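Shared between the two complexes below is chain A, which has chain B as its partner in the first and chain C in the second.
== the complex of A and B ==
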């Protein structure tokens, strides 16, 4: 799973799709997750990174992560055809 | 090196809630790298705000409405030319393009240059002819029908589903959800802009615009797509952002290549949820948001003037993506004497 090519994510959490002109704001953890997706990390690696840093459990994180990913998909921000390298 | 100075006349000074492009075009011309300008505003009404923007417009002359005919317009332009030695005119209204296109050759003999679509291009892209245009150039357009008579409205539901768009031949469009609304918009729009009225299939989706410039030989000199971010109740963009959609740019290049379009233009596009693009309208002139194109690196009005002056213009290769324009309203304080001057003498 990858973000669509050219989708820009600012440090402040503004996500801009240059093809459609849409922009979205995400919270700081959203930015971290997006950066991990951009770094070609697998869902398992992303889960481990977040669980290591924040006091949450795996079930809660996975629920939130899946919700987040489906929102990204809904707005055509993900490129599902790209294979994850990791 | 000292830049040459051009006397350029510009219409569309009505920087109102449904703005004419004039003020934006002039801002672009004042930032031109290849020439300096003396701007002569051409106005139709005494309350067009651009008339009173003295840092934008150097002098303004009123001109007759197109309905007065080309002879009356020519006589007025001869008078203005006698005073200002015009080099270029940039007409910015759809409704005035017809007389200016008709006068183009005559004005050229006087030393006044324009860079307008040909009469054939102007007529062919007319929204009345959009179905045929789409077929001829293999561009997706919404189904549309031209109607002249209110009595034919009752047969529309057999051809179109609700909602449908009711459009004027030059301006105005409303979404109708019932026959009663179609009738009401038919009367309202035809009273303002005349007949015919165009009924158009409603495409659900997101609206985009592309502005650009064709050199009349099929080449794309400039093209900048924009997504409307803030739309007024008149459907005008009050804010927008430059985007990079290859499909839109391809459609634009195809339009310019196939029609050999000459001059500035604006394509109104709708993208449905499956990502399919429909061409809703071709405006045969620069749009009011043209200054965004300047802001992202394509000074289209400058390039248009250089083409009008017969110079070779290199196509723009890039533009900045993700730059926004946000329009604003500004109250000017104007002395009554200025209003009198333009109202009574037609010059300011």
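== the complex of A and C ==
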């Protein structure tokens, strides 16, 4: 899974998609997850990284992660083409 | 190493110039404590969900209401509306503050008597008073507010049988310029029913006509309607005096004052827009003092306001069961609070505050209850900070009607705690148990056994 190439994410949590012109606000943990996705980390690696830092459990995070990814998909922020190639 | 508080990852599209049906963010501070008691400790000790009442708020509110009226009118008496919240501890706070009891059923009447209220300080309203209820009320010299002619005739017969002269008033309904007009209770002013009933009482000579009563509506947002009602009752009282040389001792304006809740569909929050006690007091007092009562003959003004006196003192604490998404992508949060214990969720957009710290990130959220029913919706749309499973919320302004109209449905009704003026919590109603529920059921012998 990859983010669309041109999507820009600022540290402050502003996400801009130049293809559609849409802007989004992302909370700090969301920015971390986006950066981990961008760094090609697997869902398991992402989960481990978050569980190490935040007070939550695996089930809760996995559920929230899947929900987050579904919203990224909903807003066309994931690169489907890249996934198909892989 | 201490881990950072978890908040689920969220992404929210930024839109400018678009009206948002979920409204803007309203919660900026968590409500971690109620009258010095930590919400999480209260939940830990008494369970979730949990009703919490603030004695300090109740006492401050009744004082504020009394001040509003007593500074404008010489003779004022409040009567606590039992149907609004008849938990014994709550009733006794109001009785300690000088309120009489206003009841609308035999059950409520007995409750007031059991609490030790002087029968002469009980106002008995409502359309359903049995012969036994009326007998009790007559023997205790209570104030009986007659709702219909059948009741008038029953009281007339009972007065002969009991060889007693009951103290009565009639309930008057009228056009005060508000919609809907409540004309199902009492006798109508405009078509002459009320005047007819008053004549029947006076001509019979069997009852002592002591007052006139009205209750023009509920959650009234216009104080002016009370002014019109007070003027009409004053006219009736003066007409009785003129015709029968009989003095009406009191005018009872009933209740119906709006609390600070926000009615569904309102554009602005009720806390900013709803009339204050001062607004209602000004309208009613002005109408009475400007009427033709002589200065030394002003009747006692009785007020039966319930909702506005108790709503703000009540909180409902609950916990998040789960977060999920609807088919349309909307955030749904399930709480352990159902509409069976928060009946007022059908009328109000209740203010809901997380009980723990949160960030500035929010989501448009629909809050559901735990009942297996589609109607179990606490808020259709609200812009809430992110809540994790197991975290707590505080629902505000729930003191009125929820602890009398609540329903036992698929689960058991929760504990009710009162925090006293010294910030000490007291359990004033225990949560129900399976034993409580089963104790009211009876199993026919032929149904007692089945093959396991």
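Following the convention adopted for this analysis, the second predicted complex is superposed on the first by the 80 of 86 C-alpha atoms of A that agree within 3 Å, B and C clash if a C-alpha of one lies under 4 Å from a C-alpha of the other, contacts with A are read in each partner's own complex, and residues count from 1 in each chain.
Here, contacts are C-beta pairs under 8 Å (C-beta built on N, C-alpha and C of every residue); 3 or more make two chains touch, one makes a residue touch a chain.
Computed from a predicted structure; not experimentally measured.
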Fit-or-clash call for chain B and chain C when the two complexes are aligned on chain A: fit
Which superposed partner A:54 touches (first chain B, second chain C, both, neither): second
Which of chain B and chain C A:18 touches, first, second, both or neither: first
Partner chain in contact with A:39 - chain B first, chain C second, else both or neither: neither
Partner chain(s) touched by A:27 [first = chain B, second = chain C, both, neither]: second
Residue contacts on chain A - larger count, chain B or chain C: C
Partner chain(s) touched by A:6 [first = chain B, second = chain C, both, neither]: first
Superposed model, angle subtended at chain A by chain C and chain B (C-alpha, nearest 10 degrees): 90
First, second, both or neither for A:70, with chain B first and chain C second: second
After superposition on chain A, the shortest CA separation from chain B to chain C (Å): 6
Contact residues common to both interfaces of chain A (with chain B and with chain C): 22-23
Touching residues (chain side chain A, partner chain B) in the complex: 6, 8, 16, 18-23
Of chain A, residues touching chain C in the complex: 15, 22-30, 32-33, 53-56, 60-61, 63-65, 67-68, 70-72, 74-75, 77
Complex contact set, residues of chain C against chain A: 3-14, 323, 325, 329, 359, 361, 386, 388-389
Interface residues, chain B side, partner chain A - complex: 206, 208, 226-227, 229, 240-245, 271, 321-322
